[in-house]
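Questions regarding the structure given below will be posed in turn.
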Amino acid sequence: DFLYALENDIKPAFGPTSELLDQYQCRGITIWGDHVRHIIDQGKLLINQAKSPSAAGLVTVLLEGAPNAGKTALAAHIAKVSDFPFIKVCSSEEMVGFSETAKCLSIKKYFDDAYRSPLSCILVDNIERLLDYGPIGPRYSNLTLQVLLVLLKKEPPKGRKLLVICTSSTRSILEELGMVSAFTTILHVPNIRQVDEIVNVLENSDVFSNDDINQIKKEIGQRRLSVGIKKLLGLLDLVDQAELKDRPRKFINILQEQKRFVEQGN
Amino acid sequence: DFLYALENDIKPAFGPTSELLDQYQCRGITIWGDHVRHIIDQGKLLINQAKSPSAAGLVTVLLEGAPNAGKTALAAHIAKVSDFPFIKVCSSEEMVGFSETAKCLSIKKYFDDAYRSPLSCILVDNIERLLDYGPIGPRYSNLTLQVLLVLLKKEPPKGRKLLVICTSSTRSILEELGMVSAFTTILHVPNIRQVDEIVNVLENSDVFSNDDINQIKKEIGQRRLSVGIKKLLGLLDLVDQAELKDRPRKFINILQEQKRFVEQGN
Amino acid sequence: DFLYALENDIKPAFGPTSELLDQYQCRGITIWGDHVRHIIDQGKLLINQAKSPSAAGLVTVLLEGAPNAGKTALAAHIAKVSDFPFIKVCSSEEMVGFSETAKCLSIKKYFDDAYRSPLSCILVDNIERLLDYGPIGPRYSNLTLQVLLVLLKKEPPKGRKLLVICTSSTRSILEELGMVSAFTTILHVPNIRQVDEIVNVLENSDVFSNDDINQIKKEIGQRRLSVGIKKLLGLLDLVDQAELKDRPRKFINILQEQKRFVEQGN
Amino acid sequence: DFLYALENDIKPAFGPTSELLDQYQCRGITIWGDHVRHIIDQGKLLINQAKSPSAAGLVTVLLEGAPNAGKTALAAHIAKVSDFPFIKVCSSEEMVGFSETAKCLSIKKYFDDAYRSPLSCILVDNIERLLDYGPIGPRYSNLTLQVLLVLLKKEPPKGRKLLVICTSSTRSILEELGMVSAFTTILHVPNIRQVDEIVNVLENSDVFSNDDINQIKKEIGQRRLSVGIKKLLGLLDLVDQAELKDRPRKFINILQEQKRFVEQGN
Amino acid sequence: DFLYALENDIKPAFGPTSELLDQYQCRGITIWGDHVRHIIDQGKLLINQAKSPSAAGLVTVLLEGAPNAGKTALAAHIAKVSDFPFIKVCSSEEMVGFSETAKCLSIKKYFDDAYRSPLSCILVDNIERLLDYGPIGPRYSNLTLQVLLVLLKKEPPKGRKLLVICTSSTRSILEELGMVSAFTTILHVPNIRQVDEIVNVLENSDVFSNDDINQIKKEIGQRRLSVGIKKLLGLLDLVDQAELKDRPRKFINILQEQKRFVEQGN
Amino acid sequence: DFLYALENDIKPAFGPTSELLDQYQCRGITIWGDHVRHIIDQGKLLINQAKSPSAAGLVTVLLEGAPNAGKTALAAHIAKVSDFPFIKVCSSEEMVGFSETAKCLSIKKYFDDAYRSPLSCILVDNIERLLDYGPIGPRYSNLTLQVLLVLLKKEPPKGRKLLVICTSSTRSILEELGMVSAFTTILHVPNIRQVDEIVNVLENSDVFSNDDINQIKKEIGQRRLSVGIKKLLGLLDLVDQAELKDRPRKFINILQEQKRFVEQGN
């Protein structure tokens, strides 16, 4: 496993990091509401803190939210915006089938490489997958947990600067594991919940006419939803296969079938 | 184990994929009711979504239902209908005795191969067996769970399209494991429950005369049953060994012995 | 362990299969009651189902009952009666000290060999021992469980026929493990419970005179017993060491000491 | 470990089996009461059953009782009395530091060797130690349990005879593990509980004068004790170091300190 | 892993020990209150005890407190002040990805090296990380626990002197593990809790003007806080990115958002 | 690990056994009370029993008491006094980082070596550390437990004599593990609890003047303490660093801070 890892961990599957960052936001970043703006602004502030020569050398941020909320795309966006000379993505996608040890050594390598660059950014995607978290048991890789707990606290060598951007959809688990307190800052990535926010997304797609959108707006009415941007874009793909005239109906139906309408206050 | 796996995972035991898909539906697909029609229609829609150039590159569907309900045959049917240039079956039958690692590498290989083809379909049969789920404990392979959770969410490279069709008879376990939320769509494969549905199957077999079938229809009367299509076809095999005249009686008896009649509403 | 297994799993310890089947019923099959007749008849029916070209290729049956009830002897009897060209016994006796992996590969080999023959019968003796079931914990080999769950459901290749006869004295465990639902048919092997059934066995042995048997019959009277045929034959061995005149008394005493008399209804 | 075991398991640490059997009863067998006589008689009966050509080929007996009760010495006595051509002792003393696998292979070897001899006796000492039973957890070697469960039920080849004598001080554990039901016969080895039984042992030693013994007898009076023969002989060793005149007092004192006097009825 | 460890454990990542000790206190030691003075004084006393020829050869001290309280910096300070000829830092930062065994051998090596020097000091940073403590389970490396329990009690060879300084933020866990009683002395490193203590730190930084500080002092008023010195310095880094005039407001806001104000008495 | 162990287990870290025995009692044995005298006397008696040709060949004794009570020093004292030709110390200090197997083989070697000498003594220090006992879980090495349970009961070969002296501060754990009943004799090593006993120790040291001691005596008054001799000697080391005149006060203060005064009756 060890050799297997060593040979593989440096070759991202599909081209260099910048391509990967683009792929993570392949459907762009729709500014569907204030939350999105806020996260992007905070990202810029953290980039500055990481660059500041008088501040500590390590800045760590956790982007946490429900599955499909758009965490990875936003993390990739911030990483790209930083324009640091060293940017790497550390993701379980690159480590499928790695042994615990191989995973840990691979993670360590990302940080060791970063320590050698004056200004670095590491995107650690989906921490719970790196931890091999399995809800029945529950189970997790304690080896990886220890490695992350150490690396998220270890200052880079004198004069080196490191910004670590992590994503996770299981914040409560990270809290139990004593990991949340290791972060400098925590940003919540919310689901879309307001009809206006939905409309912003629909207007950005080619699936509906303006009339359709108005119809949908009326149908939703005062009801609150909760749907991640990735899920929403997927639903639009499905609806896109239906006849033009059936689409608004079908869209509302699927939202209902998938129980996306929530009691107010949730 | 590793070598063992590498040498074996590419040679399906009995000929190429298309033969295997046929074997999985070796007793055909009897359209015993609307449910069957619905699943087949949905299958076609998903094939289109997977092919659509404007949609996301990954479509994942779970066919879930009781043991013997006909899940594998229907999954094989959809896969065959897709007529995608790359179709593979990933099943625990091909991995008997594999180590956890070998199993995971084998699963990964199916996906890696698929990523290289522009339009691919993978049938992942009996997920709970791939997960080595053992109800006492309970136990499962967390390694395999992690691999599946990653691969069911990982977009194929730009421009590549992948349709993943999974089957399982333990939906609630998959839910607990956080796996269900990873699927684009979920289709339920029900047991046969109505007397007319049974009759459709009996008429399709050579075991009973028309008079026999009428007699059976009367005997069942208003009672509700619950029997999977595979189980039902097996019962017919057994009844087929009895004398011609005893068959209707024997058929009803076995249904009763095996407690296939259920209280209404179940 | 692996090599160890490969070298050993094909050489049964004491000669070919047919000898082994004889050894398993070395004290014959005494038809001590209707239950015995019924099991033997059902065995024949299943053999026919397995042979039928129009039926599915796989028939699986579980013989379950208390320890010493005579399960293995009856399973061996059915296997022998089938007279199939390929008959093999898969038993933990042949796998003492095997590793989990070796055990699984060994089991798999029995099935792989069977798939190559047009008409095969495998006797899987004492499933709970193959599963390494240990009641404290409880513990079991999940690897073996998975292998058995797959193989008990996997159809042999087109045109091949396979009858699998399993025995177990822990039915409830198999049920918890989700194994019972994998069988085509389940047959219960009961303990001897009626005085007449006991008498049938005593008359078949040389331990008692007719007078002795009558005396024993009287002593038992209306009381119900519960004793497996293997246990009963063992008791007769012990009683046989005593003086002729003491034997009836001693026989009743041992039955009492070993608490073989049960409250009616149990 | 494996190699280590193979080189060691055939060389008993201190000479051949017969010497070992003598060492196990190095302080002789004092017939301190009826219980001792009864066990010895039953031993002879079992030897005959094992030899009888008309009986089954396997006889298994469990000697169970408190620690220090004299189980191993009595088992060794029966084994020696049998005078079978093949007698072997299978004890954890010979397997200190063996791995689970090595232990199992070693146990298996004793039985395989026995199967090759027409008339064999195996003394399996201290089953709970072979099982690596640890009360906190609890823990045990499931591998060894499975091996023992199989071997205690496996008939020797046709015409071969095997008597297996086991000892254990944790009967309730064996019962939980489903092991007790595997034995043909079970014999309880009790502690010494009556003053007359103690006196029998004291008279057999050189530690006390007749007057001393009478004094001790009076001191004990109607009180019940519970002390294993091995423990009692050890106490005499200790008392032997004291001045002649102090001994009766010291003996009673130690019995009291060690809480050997029990409430009547226990 | 073993080799990996051996090659790596002697080369600290960033230069020799003295540099490392400096890096651990890279933002200096601000004497923000009496607690800090007390810890530094006690450190000097312990250094003397360790040096005293008439005292025992081993002195062990635990610095325990909340995360970010400044434990490591104070431990580094004491180690540096001792000016012992042999000073080493044993930290999980140097052992990322080490196996349990490698970690233990590495720890042992620090002590073995120290035993060879007449006057040694070992800084064992973050014991819970060395123990691989994972709160869900909970899990820990028992191997490392045993090694530490032995080494924290083992006297150096005659005439050799060893001072061991440990840090931990999970005192209660160490207590449960029976580790706390192994230390000669325990020193608590508290969070900053008084407004005057905060002011001492602010005055030491360049972030605020004197007016700003007075404003902050007023805003805090009688409220109690609880913030570690490391956390506080981090907050100042962040506030430093804001406009000059916004800083006091922003500082108070972040303290509130992060729930640093506590109910009195906590 | 195995090789590692083999090369190391025979070379005690700091010279031969006799030196080690001296080091264990490097601050002498202060006869601070009757308990000490009693343990030393019992030690002599046990040495005689072990030597007696008419007694059994194995004598085992457990010295148990709180941490720092002086167990190891007293065990070393008895071992040294025995003056047996073969004396060895078996301690976890010599086995830091050994694997379970290596530990067990090492323990076994001590006993195997002892069996070859006519008159041997083995000091097994700190049994709970040999067992790798970790209180959270709890965890322990079952392998080592089994080895110790066997070796503490196994008679040396005919004519050989073996005295085993064990120490432990977790008697209740050993009891749960079924280990206590394996010992011939158990001796309790108490903490110092009486003011006169303390005074005996103070008078033996150079820290206080006679006046100081009288002052301390008065301050303690009727209060009961509980402090191990090792802890007490350590406190004196610390007090020794203070000014002459402050010492009595400081001594009482530390006793109070460390909660050494106990409610009467405890």
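Letters A, B, C, D, E and F name the chains as they come in the text, with residue numbers starting at 1 for each one.
In this text, contacts are C-beta pairs under 8 Å (C-beta built on N, C-alpha and C of every residue); 3 or more make two chains touch, one makes a residue touch a chain.
Fair warning: this is a prediction, and the values are worked out from it, not measured in the lab.
Enquirer: Please give the intersection of the contact partners of chain A with those of chain B.
Expert: none
Enquirer: Along touching chains only, what is the step distance from chain D to chain E?
Expert: 2
Enquirer: Any chance you could name the chains that touch chain B and chain C both?
Expert: none
Enquirer: Does the chain D and chain F pair touch with the same residues on each side or with different residues, judged by whether over half of the numbers are shared?
Expert: Different-residue interface.
Enquirer: Could you pull out the chain whose C-alpha mean position is farthest off from that of chain C?
Expert: Chain E.
Enquirer: Taking the mean of the C-alpha atoms as each chain's centre, how many Å separate chain A from chain C?
Expert: From the centre of chain A to the centre of chain C is 57 Å.
Enquirer: Taking each chain's centre as its mean C-alpha position, how far apart are chain A and chain D in Å?
Expert: Averaging C-alpha atoms per chain gives centres 66 Å apart.
Enquirer: Where in chain C do residues touch two or more other chains at once?
Expert: none
Enquirer: With touching defined as stated, please give the ring order of all chains, chain C first and chain D second.
Expert: Here the ring, read from chain C toward chain D, comes out as C, D, F, E, A, B.
Enquirer: Would you pull the chain C residues touching chain B in the complex into a rising list?
Expert: Chain C residues touching chain B: 45, 48-49, 52, 54-56, 101, 104-105, 108, 138, 140, 142-143, 145-147, 149-151, 154-155, 157-158, 173, 176-178, 181-182, 184-185.
Enquirer: Can you tell me which positions in chain F touch chain E when the two form their complex?
Expert: Its residues touching chain E are 1, 13-14, 23, 26-27, 67, 92-93, 96-97, 99, 129, 132, 134-137, 139, 206, 233-234, 237-238, 240-241.
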